[in-house]
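Each of the next two complexes has chain A plus one more chain, namely chain B in the first and chain C in the second.
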Partner chain A sequence: MRGSRDPRKIIFIAVAAILVWQIAIPLAILLWGSVSDSRPGAGDFFSVTSFTLDNFARAVEGGRTTDVLINTTIFATGTTALAFVLGTYLAWVVERTNTPFRAFITIMMILRLILPGILTTISWIFLASPRVGTLNHWAMDIFGLSEPPLNIYSMAGMIWVEAMDILPLVFLLMGAALRSMDPSLEEASLVSGKGLLRTTSRITLPLILPAILATIILVLIRGIETFETPALIGIPAQKFTFVVEIWRQTSTTPTDFGLAAVYAVLILAFCSCLLWLYNRMTRHADMFAVISGKAFRPRRTDLGGMRWVTCGASMVIIMFSLGLPMIILLWASFYPPYRGFQPITMDAVPLLSWDNYREVLDNDLVQRAFVNSTFLGLTSATVTVLLITVVAWITVKTKIRGRKWLDHLAFAPIAIPAITMGVAFLWLYLTLPIPVYGTIWILLLLYIARFTAVAMRIMSASMTQVNDELHEAAEVAGASWLRSFRTVTMPLLRPGMLAAWIFVLVHAYRELSASLIVYSHGNEPIGVAIFDIWENGSYGLLSAFGILVVLALVFFSIVARVVSGRYGVKDE
Partner chain B sequence: MKQRKLLLFLAVMLTGGLLAACGGDAGGGEASDEGVVTQREGESRQDYIDRLYEAAQEEGAVSYYQSADEEELQAIVDSFTEMFPEVEFEPVSATSGTILERALLESESGNVQGDVYGGGSGDQVALEEAGAIEEYRPVNEADVADEFKMDGPYIAVGYLSYHPAFNTDLVDEADLPDDWMGYCDEEWHGELAIDQEGAEWIAGLLAGMGEEDGMEFLECLAENEPRLVRGSTTRTELLASGEFGVMLDGYGHRLWEFEQEGAPIRTQRPSPAPLPVVLDMASMLRDAPHPNAARLLLEFFLTPEGQDVFFAQNKAGSLAGGQQEHPYGELIEDAELEVLEPGAADFDEAFQIFGDTFLGGGAPAP
Partner chain C sequence: MIEVTSLLKTFEGGAVRAVDDISFTVPAGSVLTLLGPSGCGKTTTMRSIAGLEKPDSGELKVGEKVVYSSRQKVNLRPNRRNVGMVFQSYAIWPHMTVFDNVSYPLKGETDRAALRERTVRALRLVDLEHLADRRAPKLSGGQQQRVALARALVAEPDVLLLDEPLSNLDAKLRDTMRKEIRELQQSLDITTLYVTHDQSEALAISDLVAVMSQGQIVDFGDPERIYSKPRSRAVADFIGMANVVDVSGIRISDGWWLGDSGLGPLVFQGEGDTPHSCSVLIRLEDLQLVGPEEADEANVWPGNVVSVLYLGGYWDCVIDVNGQRLRSQVPRRQRPSAGDRVYVRVSARSCYVLPEDESQPILDADAEEHLAAESSTS
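Up next, the complex of A and B:
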C-alpha cells in the first residue's frame, strides 16, 4: 500500500460498497423479513418489536412445506442426474472420441444454451400434453394405442423438460474438464496394458472427480432455483416447488410475504451449503477456464464402427433437446388463433397462415419487450463486466486485505435463486425512498447483481493469465497506476471481458423468474412478455414471438462469435 | 487490523442501508383538500367535469395502479388520452399481489405515488381496511345501474361472470348436468378444469349455495381432480385445443369471443345456479398526489366512452340498461347471478379453502 491516497484503496472501497449494496443489503432485508411480522416498508418493519418466528412456525405447521421440500428435492436431483448423464455423454463424445459431426454437436448445444427456457418448456407441453401433444398423437396412430403414453404434467415430465434445458450447461462444464486433462497419465495406463475400461475407471474418473462434483453442485443449484418448468408444468401437475411457492405468495392476492421470505431463506441456506461444498472442491481446480493456456490435447479414443452408434445416440439427444421443441414451436407459430393448439397433422396444413407473425410484429408488448431486453442486455453486460473486471483485479492481482471477502461477496449470487433475489430487490426498493421501483432501472440493478457471480469466475480465470510484468513495467516507466491499468492490463483482458459480456448479454435475454417479481408496465423484458402472452392464451402469437426471439438470439450469437473471434476468444 | 477495518466498513454500510430504510419517508403525496375541485350547487355535470379537467391539467398526470391485461390497459390509456389529452396517463401495472402490496406499502409509509387503484373486490376491501383509499362519489355514478352502486369508497366500473363451458368435439351438450353437483359424477373425472387461483369463483359459489352445500360441492369436485390452469384465456385456449372437456369457471366475455370466432367450444346455457359475478372496481387512493386527476379518471370510467373500453372486449359495464347492449347477454339469460360485492364474501377465507381443497393444504394465514 502506498498511503491512504492510494487509488487502489479508494477503488477497493468503492467496489466493496457497490457489492454490499447490490448483494448484502437486499439479502439482509429478506432475512429480516422472514422473522418480522410486519410488512416491508411499514413503519415498524425494522423495529425489534416486529421480531417473530411465527412465519417459520406457520411454514412447518401447514404441512405443505414438507410436500414442497420433497417435490423440490425429487425434481432437482432427478433433473441433475438425467442432465448429468446425457450432458457428460455428449461432452465425452465431442472431447474424447472420434465420433463424426462433433463440431455440429457443439454448435447445437451452444444454440440450445441460448434458448429461453420458457420457450422450450412450452414446446414440450405442445409435444407431450396428454390430449393434444403431437408425440402422443403420433404414438397412438402408429402403435394403435388407446391411451396417450406420455403425460408431461407429471414429475417425470418436469424432470425431462428441465434436464433438456440444463443439458448444455453440463456439456460445457464437463467438456471443459475433459479437455483440460493432461493425457499422459491415461496414455501411461494404456501403454502398461490396462484396458480402456480400467483406465477410465482408475485414471480418468478420479482425475475429473472434482469437476464432476462441482458440475453436479452447480446443476443442482440451477434445478432448485429454476422457475419455468415448475410453473408451467408443475402447477397443473400439482407438484409445487419452493420457487413456485415464493412466486405464488408474492404475486397472488392475498400475499404472504412472511411465508415467501421463509421459503426464500430455506432455499438460500441450502444453496449456500452447496456453494460452500463447491468452493471446497474447486479450490485447486479451475473449471471455468474459458481462456486456458494449455499446450496439450487429450487423446481421442478410436471407436471404430461404434462411432456411428455414438453419433446416432448424440443426434437423438439433440433431436429431443433442440430439434423437436423448435419444430413444434414453428408449427404452432403458423396455426390460426382461437383454435387452441392442434398436433402436427396433414389435415391441419391448409389452416396454416402468417397471421400470427403479422400480429406479433404489430404488437406493442412485443416491440417494447425487444427494446427493453436489448437495453437491459447491453447495459447490464457492460456494467457488470466493467465492475467485475475491477473486482477480479483486486482479488487476483493485489494484496489488499479483505480481498477474499470481496471474492466471496461477488460469487455469492450463484447461491441465490433468481426469484429470491427478485423478492429481495422488490423489498429493498419498496422500502427505500429511491425512485427505482416501477422503472426499468430496478431490472438493470437486479440483472447486474444476478450475473455478477459467473462474470466473476470468467474474469478471475482471465486475470490469472495476465502477467504482472507488463503492468509493472508501465508503472516503472512513469505511468500512473490508473493509466497502466487502462492502457496495459485492460487490453490484455479483452478476450475474457468479451466472453463474460456475451454470457451476461445472452442470459439477460433469457431472464424470467427474477424479472417477474419486479417488472412493471412498460418495462417488460422478453421473458416476461412471453410469460404474459402464455398466460393470456395466445399460443400462435406466443410461438411466432418465440421464433423471432430465437432468430434474434442466433443473430446476436453470430455477431458475438465474429467479433469475439477477432479478439481471440475461443468458442467455449 | 486492516481486515477489521474492512469488516467494520461493511457493517457500517449494512447498518447505514438499514437505517436509511427505517427512515424511508420521502414526503410526496401530501394530503390536502386545498385545490380539490368539488361540484357546486346547481352546477351541471359537464361544467363540473370541465373544471375538474382544468385542475387536473395543472396537476399534469394521473397514476393508475392496476393488474389489467395489456390490451385492456392500452385501450383505457388511449381512450382517456383522447378525451383528456392534457393529462398524462401513467399506468403502473404488475401482478395483482404485487400491485396491491405496493399500494399498501405506499399508504403505510406515507409515500403515496398512485392516484387510482383498479382491482377486484378482494383488493378494494384490503385497501379499505388499511385506510389506503378515500371515498369519492363520481357525478357520473348517477348513470350506474342500482345493483352496481356501492356503499364503500369505491365504484364498480364493470363486471365479470364465471361460466361453465365445454369442447363441442368432446362433450355432448345434452350430457351436461343442470346443477353444480352434477359435475361431481365420476364420468367427469379427469375432464374438468378450473383456475389455479380460483378463490373468487369459490367465494361466489359459497355465497350463492350457502356454506354447507358449497363446501360439499367443492369437496366432491376435488375428488374428480380438476386440472388447475392459471388464467382464464389459457383455460379457454386449452379447452378449444381439447385438452379437457369442460372448464367450470371461464370468463363470459372471453368465452363469447371464442364462440364468435368459431372455436369448437360452447358456453353452458343456462349456467347452473348460482353464476358467480365479480366486480371490476376502482377507487381513489388516500393522499393521492393528483387528487383532481384521480377524480377525473373515476368520472371517465363511468362515461359511455370509458365503458366502451370494456365493451370493446366484450366485457359488461356497470351503467344502467339501455345505454349499451350487453355484449354477451345471451350467456346470462335465465342465469341466477351471484354478485360479489366487497364485504359480501370473505376472500381470504375462500383463498384458504381453495388451497386446502385443491392444493393439498397451505400454511395457515398470518
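Up next, the complex of A and C:
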C-alpha cells in the first residue's frame, strides 16, 4: 500500500531472526546432539544415520542418574524452602511493618545480590569446613567440644550456602508483590469487621498467591541451574547434581558430550515445565491486577515492642547472609599467602599483610580476567538492552502477528539453565564453521543469549508503564515512526533501560557456569579465574581478588544509582 | 473538512464490528461531535482518521487529501495526515518542557526564530506563555490540557481531533475549558471532530452531533434538533433524561391529537396521518407542578411525590401519576417534598411524537445536505 511502508515489520523480522539464532538454534543443535552418536564438529553430525538412543541408555544404566536426580531434587527444593521463608520474612518486615532499620535491610539485600556466588560459597567453606572453619574453631573453643559441630561438606551445608545466595532474589520479588498491592483491598476487609488474622488469610494471601508461586518457581529454577555450591561443596561431599555432572562430562577426560547433552536436555525439560507453570501463574497475577504499577502507600502493621524482635531476627539473617562471609573473605585476603588458610584467631592478627593485594595486581590471570569481564559486561549489557528494548516494544506496544511468539522466545532463557546454554553454544559453534569458538566472541554471544530473559522482564514492565498515547501523540504531531521512538519512547524508557543495563552488567561479572563450558585460555572471565585460583589452592590471592571484585561491583551500582537519580524521569 | 465514507473497522477477526460501515462529513470550519456511550465506536472512528487504527475498508479524506482508501490502496501514516489531536490522557511527554512539547510538531521548521515564534504564538493562544520552560509533570490538569491543545494547533493542521478532552477535569474546569475550546475553534475557524460521551458537552460545543451506538450513527443533526426531536427512543434516553409515554386510540380534535395514556387523556401536537398508537416524549423541564385550581384543565393530572433530590438549580422529583412514574425538574421556590399530593401539567406544544421506526441507522450522514434541508424547512 502506498504510504504504508511499515518499518515495524522489518524490525520484527530482524529481531526475531537474532533471537532464533541466539536461542532456538543452539537448543535445536543440543537436542540433536543428545540423540546423535557423533561428537560436535564431526563430519557426520547432521546425517540421519548418526541417530541413536545410546546416550540416553548410558544415562539410565548403572543407576548413577537416579542418584544425581535425587541429589538435585533435595538440593533445589531444600534451598527453595529455606530461601523462601527467610526472604519472605525480610520482605514482610521491610514492606509491611514498622520495624526499625528497614532501609538498612534493603541496602544489605541489594548488596548481597551483587556478590558473586562463588565468593560466598568459598567464604562459607572458610567459615564451616570441619578442618579450618572459623565457626567450628570458635564453637570448639567456647563450648569445649572435641569434634567440629559444623560440616559444610554435606547436603545441609550445600542447602544453607545456596539459600543464603538466593535469599535476596526472594526478598526483591516478594517485596515487589507486597508493595504493589492496593492497601484499600485489605482496608475494606478490616472495615467489614474482619480482624488482622482473617484479613491476612482471606484477602492478603489469596491476592499474592500467584506472586508467591511465581517466586517459588523462579527460585527452584535457580536451585537446579546453580553451579558454584554443588561444584565447590557438592563434589567433596560426594553429592553430585546434574549441573556438576554436565561440567564433568565436558571438561574432565574421558569427555562424553553425548551424555552431557542428555543431562542438559533433561534439566532443560524440567525447567521448561516450571516455566510453563510460571507463565500460568503470572497470567493469573495479571487477572488479579495486584501489580498495578501504581504507587501505593502500603499499610504497615504496628508491631509495638515486638518490632525490636523482628529487627534483631533480620539482623541475624543479614549477619549470616552477608556479614560473616564478607568478614572471613577480608580476613583471608590479608592472611599471608605462604601459610595457606587459618581460622580467625587473635594469635594470627600480627601476621596480616597486604601481600595478597600486591600479588593480585601483578597476576596475569587476574588482570586478563578483569579486562575480559569488563569487556563482556559492558558489551553484553549494551547489546542486550538495545535488542530487548526493541523486542519488548514489539511485544507490548504493537499488534504485529507473531509478537506473542517473540515474547516467549525472548523470555525462554529464564528456564534454560546456564550450563545447558553453555553446552548448546559449544555444540553449535563446534559444528558450524563460524570461527568464534576459542575467542571471546563466543562468550559474548552466550552472555547476550543468557541475559535476554531478565532484560525482557525489566523492559516489558517498564514499557507497559509508558502510556500508548504518548507515542501516538508524536506520530500525529508529524514525527516519523523512528523519530517518535527516538524522541519519546526511548527517553521515557531510560530508567528501565538503565536498570536492565546494570542488572546485566553485574550478572556478567558474576557469570561462571556457562562460561566454564565455552571459555578457552586467554579469555577467562572473572568467575572462571576465581574458580581456577581456587583449584590451585591460592586462597589468599583469591580472597584479595574477590574483595576487589566486590568493591568494583558496589562502585558500579552506586554510580548507576546516582546516574539514574539524575536522568531518571519521574512520570506522575 | 473531513469526509468519512463507508468506514468499516472490525476487531477480533471480524467478530466485533466496532465501526459498522458509517459515512459522514464534517463541513469546513465546523465542529462535529461523535456522541455515544463507551464502546460505541466513536473513538475508533477518530483514531482511524488520525491513522492510529487501520480500518478494514472505506475511504477517509482530510482536507482535500485522501488519507485512507481501501479501493485506491492508500493508507498514509499518522505523521503524513496533517491532523492535530488532543488525547484523552493529554499525552504530554513528561521528559520535556512545555515549550519542547508544543514545538515538537514543528521540527521540520529549520529557522530557529520562526520555530520559536510559532510556538510562542500557540502558547499565547492557550494563555500558557509564562509556563514555557516548566517541566510537563509539574502542570495541573487544566494546564496539561492547554498544552495538549497548543501542541495540536501549533503546526496549523487541516483538522483538529479532540478525544474526550474534558473527561479528566473537574466539573468547574470542564465548564471553563469547554467555552475556551469553542471560542478558540471559532476564532481559528478550524474543522474539528470531537468525541465525547457527555451529552451536555456535545450539545454545548457542536455545530453538528452524530449520535453513535454499536458502531452505527443512529441520529445526526444540529444540537437543538437532536435534543428536542431525537430520532428514536434510545437517542432520547441517551441525550437527556426524558419521560416517554405510550399513547393509544389516537384521534384528531380541534387540530390537536388526542389519545389515551397511562396518565389519562393526553392532548399533543402531531403531524401527518394519525397512527393508531405512538410514543410521546416529555422533557423533564416541560413537566410543571400546578395548583389544584387547574385540576380540570387538559393535560393536568393528580399524583404523589415519590422522591425528591435537591440539585441546586431545581428539584429533581419523581411523581407517581396513576401508577406511572414521571420525572420532573421543579423550580427551586416550589419546595416539593416526598408524599405531597400535587398536580402535574404538560403543555401540548412541548410533547414530541417519537418516530415509529427507531431501529434503522443513518447510513450516509451528509452534513451539507442535512444543513440545507434544515434551513429550507425553517
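Things worth noting here:
Note that in this section the second predicted complex is superposed on the first by the 550 of 572 C-alpha atoms of A that agree within 3 Å, B and C clash if a C-alpha of one lies under 4 Å from a C-alpha of the other, contacts with A are read in each partner's own complex, and residues count from 1 in each chain.
Just so it is clear, a residue touches a chain if its C-beta (ideal position, glycine included) is under 8 Å from a C-beta of that chain, and two chains touch if they have at least 3 such contacts.
Computed from a prediction, not measured in an experiment: that's the story for all the values here.
In the superposition on chain A, A:Ile517 makes contact with chain B only, while chain C stays out of contact range. Residue contacts after overlaying the shared chain place A:Ala16 against chain B, while chain C stays out of touching range. Between chain B and chain C, B touches the greater number of residues of chain A. When both complexes are overlaid on chain A, the residue A:Met164 reaches neither chain B nor chain C. After overlaying the two complexes on the shared chain, residue contacts for A:Ala59 are found with chain B alone; chain C is out of touch. In the superposition on chain A, no contact is made by A:Val391 with either chain B or chain C.
Once the two complexes are overlaid on the shared chain, A:Glu535 sits against chain B while remaining clear of chain C. Overlap of the chain B and chain C contact sets on chain A: empty, with no shared residue. Those residues of chain B that touch chain A in the shared complex are 2-3, 6-7, 9-10, 13-14, 17-18, 20-22, 24-26, 69-70, 73-74, 91-98, 100-102, 104-106, 108-109, 111, 113, 120, 122-123, 126, 196-197, 227-231, 233-244, 257-258, 261-264, 347-348, 351, 359-366.
Within the complex formed with chain A, the residues of chain C that make contact are 50-52, 73-85, 87-91, 93-95, 104-105, 107-108, 137, 148, 151, 155, 161. Touching chain B in their complex are the following residues of chain A: 13, 16-17, 20-21, 24-25, 28-29, 37, 39-43, 45-46, 54-55, 58-59, 61-65, 67, 129-132, 153, 235-236, 238, 240, 249-259, 337-342, 364-365, 400-402, 405, 426, 428, 430-433, 437-438, 516-517, 519-522, 532, 534-539.
Residue ranges of chain A in contact with chain C, taken from their complex: 1-4, 6, 467, 469-470, 472-481, 483-484, 487-488, 491-492, 494, 569-572.
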